[in-house]
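By written order: A, B, C, D and E. Residues from 1 in each chain.
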Amino acid sequence: MIENRPFLAFLTHLVLIIGVVIVVFPVYLAFVASTHGSGDFMRGLVPLLPGPHLVENYSFMLNEGISTAGAPPLSIMLLNSLVMAISIAVGKIAISILSAYAIVFFKFPFRLLAFWIIFITLMLPVEVRIIPTFKVVADLGMLNSYPGLIIPLIASATATFLFRQFFLTVPDELMEAARVDGAGPMKFFRDILLPLSRTNIAALFVILFIYGWVQYLWPLLVTTDSRYYTVVMGIKRLAATADSEPQWNFVMAAVILAMLPPVLVVILMQRLFVKGLVETEK
Amino acid sequence: MASIDISGVKKVYGGAVTAIHSLDLAIPDGELVVLVGPSGCGKSTLLRMIAGLEAITEGTISIDGTVVNTKEPAERDIAMVFQNYALYPHMTVRGNLEYGLKNRGTPRDEIDRRVTEAARILEIEPFLDRRPRQLSGGQRQRVAMGRAIVRQPKAFLFDEPLSNLDAKLRGQMRIEIKRLQRNLATTSVYVTHDQLEAMTLADRLVVMNGGRIEQVGAPLALYERPETLFVAGFIGSPPMNLIDIDDLRDKGALALPDGSDLVGIRPDTIQLSPPEGQHLVLEATVELYEPIGGESHLHMRLDGSGQLIVAAVPARTAVTEGSRATLYVSMTDLHPFNKETGQRTD
Amino acid sequence: MASIDISGVKKVYGGAVTAIHSLDLAIPDGELVVLVGPSGCGKSTLLRMIAGLEAITEGTISIDGTVVNTKEPAERDIAMVFQNYALYPHMTVRGNLEYGLKNRGTPRDEIDRRVTEAARILEIEPFLDRRPRQLSGGQRQRVAMGRAIVRQPKAFLFDEPLSNLDAKLRGQMRIEIKRLQRNLATTSVYVTHDQLEAMTLADRLVVMNGGRIEQVGAPLALYERPETLFVAGFIGSPPMNLIDIDDLRDKGALALPDGSDLVGIRPDTIQLSPPEGQHLVLEATVELYEPIGGESHLHMRLDGSGQLIVAAVPARTAVTEGSRATLYVSMTDLHPFNKETGQRTD
Amino acid sequence: PNVAAQTEIAWWHAMDAELGKKLEEIANGFNESQSEFKIVPSYKGTYPETLTAAIAAFRANEQPAIVQVFEVGTGTMMAAKGAVYPVYQLMEDNGEPWDPSGFLAPVVGYYSDTDGNILSMPFNSSTPIMYYNKDVFEKAGLDRETPPKTWAELEAMSRQIMESGAAPCGFTSGWITWVQTENLSAIHDQPYGTLENGFGGLGTEFTFNGPVQVKHWDNLKKWADEGLFEYGGPVGGGDAPPKFYAQECAIYMNSSASRAGVINNSKEFEVGFAPLPYYDDVTTDPKNSIIGGATLWALNGKDPEVYKGVAQFFTYLSQPEVQASWHQFTGYLPITNAAYELGQEQNYYADNPGSDIAIKQITRGTPTANSKGVRFGNLTQARTVVDEEFEAMLAGTKTAQEALDAAVERGNQILRDFEAANQ
Amino acid sequence: MQAKRTIFPNKILPYMLLVPQLAVTLIFFIWPALQALKSSFEREDPFGFRTTFVWFENYRRLFIDPNYVGSLSKTAVFAFSVTVLSMSLALILAVAVNRVLRTNRLYTTLLVWPYAVAPVVVGILWWFMFNPTIGIAPYLLRAAGIDWNHRIDGTDAMILVIIAASWKQISYNFLFFVAGLQSVPQSLIEAAAIDGAGPFKRFWTIVFPLLSPTTFFLLIVNMNYAMFDTFGLIDATTQGGPAQATNILVYKVYTDGFIGLNIGSSSAQSVVLMIIVIALTAIQFRYVERRVQY
């Protein structure tokens, strides 16, 4: 469209640049802090330019950690986070795609009831029912274990809805063609539906990976054994002690390490990420 | 190859909507039957009942003499071509063609033979390794056809297979389908709501309306002698003009059969100079002159009733908009109907 | 009301795709010009440059004598009807009609007067308080028209305004648009790729191809005397048969102008019995007989070259598929062309 | 030794930084001294966090064998009869030596139940003291060896420090509850609650809204507004130590156990140690300060084998060498008389001036009912209320009197809840 | 509810397919929710030795407790501010990005990643910036003559958590607004331009009203986010203080339950929260059902 308004173009970029600065600055500061020595935080203001201790701080946190701040070596916690995030993503996808398939492609008594039971999980975020959920997990002997970290979080109405939504857009004719071509339900699921859902699955995986990675309260509750700590929860305790003991360099190194994997996923898989996000929330 | 017998078939959806009212139709082996009718008249429903995709509420459908009412689609040995083609988007063209054969456990070399053959016939060899989305609309249509013919089924069922193509391509594919069906001589049921397609493809044309059959017959027979008002209005383009007998000046002289109260006049039978033999005379004012190349359409308003009628006249006919015209129609070109019953009266 | 002058206009998208190659076209005040051409030939691009929605790469466009190249759409005082209507979904019909007037600060009573008037003309008074989604396709189309006419702009621009309607409605609206434009006498540019629409609506028809104008003229003139091979093939349905002169038996006797190497024959000028005067004779085998009601199409294969040609013959012509036919074409019905240049040679 | 046969004993604690390192050293010491048991210490956050984590874990049957509970949790733990394995019984059952009289008097006094039994193993007892920055004092023109004795002196010195520009702030403090309220009450012989500050049973009520406490809070508010005092945050007051380390505040009041951190983080200036100040217009004879820090509780529900290890570990902990080294490194009190004596023999107190301030302060004079300590059920929660009310006062939404009245009222509600749940 | 036109006739298979999800849902969602309901009528000692049925005592106490009522209003203020702040900033950025064609991808990439940062980490980042001793924010504020003390001043603390929570949520809102803007048909904007509307007028009269489905959706989602997903953020910054000034409902459930060990009250709060969530979800669901946009 023909538009003769140069000022507007300038304003647009200005707004965007300010936006980017606001978004990036806190992390820049964290990064800077993570490259200094501990003593640098005892002299008033935080440093604004990177210091020389980057490698030292990060390798210290990765390999040794600070046991007296509740932080075992970060490499262990990162690994736990990875296990947790991946398992949650895979688990959620697996159980939701099956249930969405049942709900969309079959008619059976209690179909509506099943739908509502699943829908209810949308309404009950773990934060509002922590104590009884914790108790159930404890009674099942799942504290301090990967299953305890993972299974209670894999029921997902969102993913079920996404798949349901997607399945509804799969043309009826495709299933009819497959039936005429002699395929039964599981064959149709495997040969046609699953391959068609590939990009949805990938997009969902990205989103759910992030969901799993950023979990805080749940790992905080169900792990008392440092072998199962995840990085996001571990970091909090580190930060709490940094109040009285200024080792912000270590805390911020941990912060950067805890942020890096999911942020990289977002940046590298931007297309899938956006698709996953926008679609799961619809 | 097989005959299809539909007898007393009825379809009620969800206990409420009756889509098909007790319908009978026998399709002999090798015939291509076209179902036409307005949207919602039950064409697809009927086809889908034949395919086994929809349960039959009442009556029976037999293929090749066997009642198939409770058989799964896979067991009926029919092939179907869908409006949106329903190609498996994640499989190559070859994969699409093979899928049905593989599911039936056809031996590998037989599969290859048939796929090669079908690809040759349909000229889709160059695309065998492409995915459907890499094909144009016409090419996809061919693949859909290919998927049906590799199966060598007892019957082909087509549900508006050409309606997603543009006019030009539709014309071409129509001719190809016709040829193919002639060569394979497979019993076929073809659903469309495109008149031209219906007229040109059908061995026999079935005009449906509101879940019932209005008329069955050869295409030209239906055009020339529509048995009901519905068929008269539905077939032909521009549509037949329908004029109330009371609006005709010389209705006395017409000598139409008893019970006639409407006459139908096809636009191309309206003449501007008096023909030989007995004929009808109408007076009208020309409202719009539309040249469309080989012929022109005259949109006119009849004196008296003020009804709009259309005549198709040769291209360079000398008429100006706003002028008055006298129109002539041979008595033999009149189609008399009874409004009430909707039936032809002669 | 105003004339539109397009001179030397060129459009290059993103420095790479040349959508329009230096194009000239003068549209006098009050004329309805139709742009037709195959998909991607630049019709919309040209229209959008006139509207100010697309920057002009080279050349000038003037409206009413003023060069508008750098003016914003709002300053050009034109109205546009979009293919998808582009009605504001959150406003009522009335709101849609008023929006353009309000933006221009038209006084309240003048707005009311004009909206009432437009609603009356277009018969949309009953829907004035509905939202667009509560209207049928045809009604929406009317509102879109209404939004254009209330503005009383210098020119109307239409980009395939009817292509979202079904065939029947399209026919009706076409006639209405024609009437309306005649009454308002507003300069109009109308883009379509529907031949019938183009033929019937245009005062002047502009056939475009690959970003260039192929031919400009009255619709029938183009049909009867296409100046280029492209126009010959594009206008007319079924399309003109194009036959290599070398494939004609008696080419010597033809006495075609120098440089002719192709002749075009319209399907409806092929006759089955010899006409008076000089004529061409062709021998062919009938492959397919397509009855389409008032006439029938014969698909035939020419002897020798084996080329497929189509003839439009009266409905009940007695031919059987597979039989041989002798075809006659009057010398006056031949359209000679040069393959190389694509130009008509007589 | 067969490593696989080692019995692991989980020990949850709240010792971070230097203290945590030393604690791990002790655990290691024990682990190396024998091969049958392995103590596995794990840091669980602050004292309140550790306590609540342990209770939650107990409910989930995932409790550790040993948990470190600060003095404030004592009331709660003592009431939880089914959950704890009293230490005297544990030692007896496992045939380990147990002699309560070897502990320092304030320790015995605080941790004995109504029957005179000690239920948990004393480990790290402390009392708050005052740290000051000698360099800043000098810069401000004060005598670097003369810390303030009374609050009036402290106020004056702080003002001089600020006005001279030697530091932007006079003083800060950890634990507003423990240092500025509970200890303040004890030192000035003011009651904190009825029934001997809660020692006497469940029916107790808070009374810390007396004139002395009100006056002190009033002052803190006034000084905060003036900038003489900077608030270090709720609970332990995490913001306070950096203010002192960064030489922002010249004076810092906190647990004697902050000593290790202070020494480690004050490389750029010299630190002095002193008793807490008092109001000389209220008393000329300041009483002893009260005990803080924590004891180790054995929790029920483990194998007898585990308790055997726990008992052995407790014996190990009581050894004068272990105790003395812990005490000397951290600043915690020497828990046993033997450890104190050992320090004296080693000349430790003479070599490290100020290192015996805490023990002298906690043992000065004769303890009264008001300076014996405070021991209430749910005191953790009540302390949260005190912190909140203190913050409300600092924010100016309440006066000191209103804040303390509200704290008492809300605190009493918590006491009633505890009473109801434990009857 | 929608399903396919034709369906598979199998009887048992659908149940088998549903078992995993239903099992997880029933065990970890429905059952605990019922437990919460049950214990909201009980009083229990911290160690779980004694439980007494107390009828509505926990609820009664809740609603006469000024702290709880305060927490309700704090939550409302917090959720409302986070929603408004992050949505308006995001909208401005989205409109700007939508205007630049070429650099669009770059800006988007630079703006979206905070989505992947855990709320608790966001909290730490901002807590660090606002650290009273070394933080850059108090330093700048002091330089600007603003007396900032989020350790004492409840309003300052609230502002801090609002800023931090909004910061994280901008990227999310931004993406949805961009998607929303892209789904506004270009032809409508062109029609408005031809109808004589300038860029700002076009935005307010055409684009913004057409974004309303996105805006409404984001309103609900942001409320949800602010009310529940900010748990970690609060925990890493103010921990509800000073003097409960930032103690939002979800944090209070946790502190009263896990820290305060008052299971009964915490459960009653859970139940209240569940009712709020259910109401929010119901609104959202109704809206999803009617999503036919104009």
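For the reader, a short list of remarks on this structure follows.
Heads up, the rule we're going with is that contacts are C-beta pairs under 8 Å (C-beta built on N, C-alpha and C of every residue); 3 or more make two chains touch, one makes a residue touch a chain.
Just so it is clear, the model here is predicted, and its values are computed rather than measured.
Touch-path distance (fewest steps) from subunit A to subunit D is 1. Shared contact partners of subunit B and subunit E are A, C.
When C-beta pairs in contact are tallied for every pair of chains, the largest tally goes to A-E. Distances between chain centres, each the mean of the C-alpha atoms, put D farthest from subunit C. Farthest chain from subunit B, judged by C-alpha centroids: D. Per-chain CA centroids place subunit D at a distance of 39 Å from subunit E. Each chain gets one centre point, the mean of its Cα atoms, and the points for subunit C and subunit D are 92 Å apart.
Averaged Cα coordinates give subunit A a centre that lies 55 Å from the centre of subunit B. Along subunit E, residues 6, 133-134, 190, 193, 258 each make contact with two or more other chains. Residues of subunit B in contact with two or more other chains: 53. The residues of subunit D that reach two or more other chains are 56, 59, 233, 239, 242, 246, 248, listed in rising order.
Partner subunit E is touched in their complex by these residues of subunit A: 1, 3, 5, 8-9, 12-13, 15-16, 19-20, 22-24, 26-27, 29-30, 33, 41, 44-46, 48, 94-96, 98-99, 101-108, 111-112, 114-115, 117-125, 127-133, 135-137, 151-152, 154-155, 160, 167-168, 172, 175-176, 179, 184-186, 188, 210, 213-217, 221, 232-233, 235-236, 239, 246, 248, 251-252, 255, 258-259, 262-263, 265-267, 270, 273-274, 277-278, 281-282. Put simply, subunit B touches subunit C in their complex at residues 167, 171, 175, 178-179, 195-196, 199-200, 219-220, 223-224, 235-237, 266-268, 288, 290-295, 299, 312, 315-316. On the subunit E side of its complex with subunit C, the touching residues are 185, 187-188, 190-198, 201, 205-206, 209-210, 212, 292-294. Subunit C meets subunit E in the complex at residues 51-53, 72-74, 76, 78-80, 82-84, 86, 88-90, 99-100, 103-104, 131-133, 147, 151.
Residue ranges of subunit C in contact with subunit A, taken from their complex: 52-55, 70-73.
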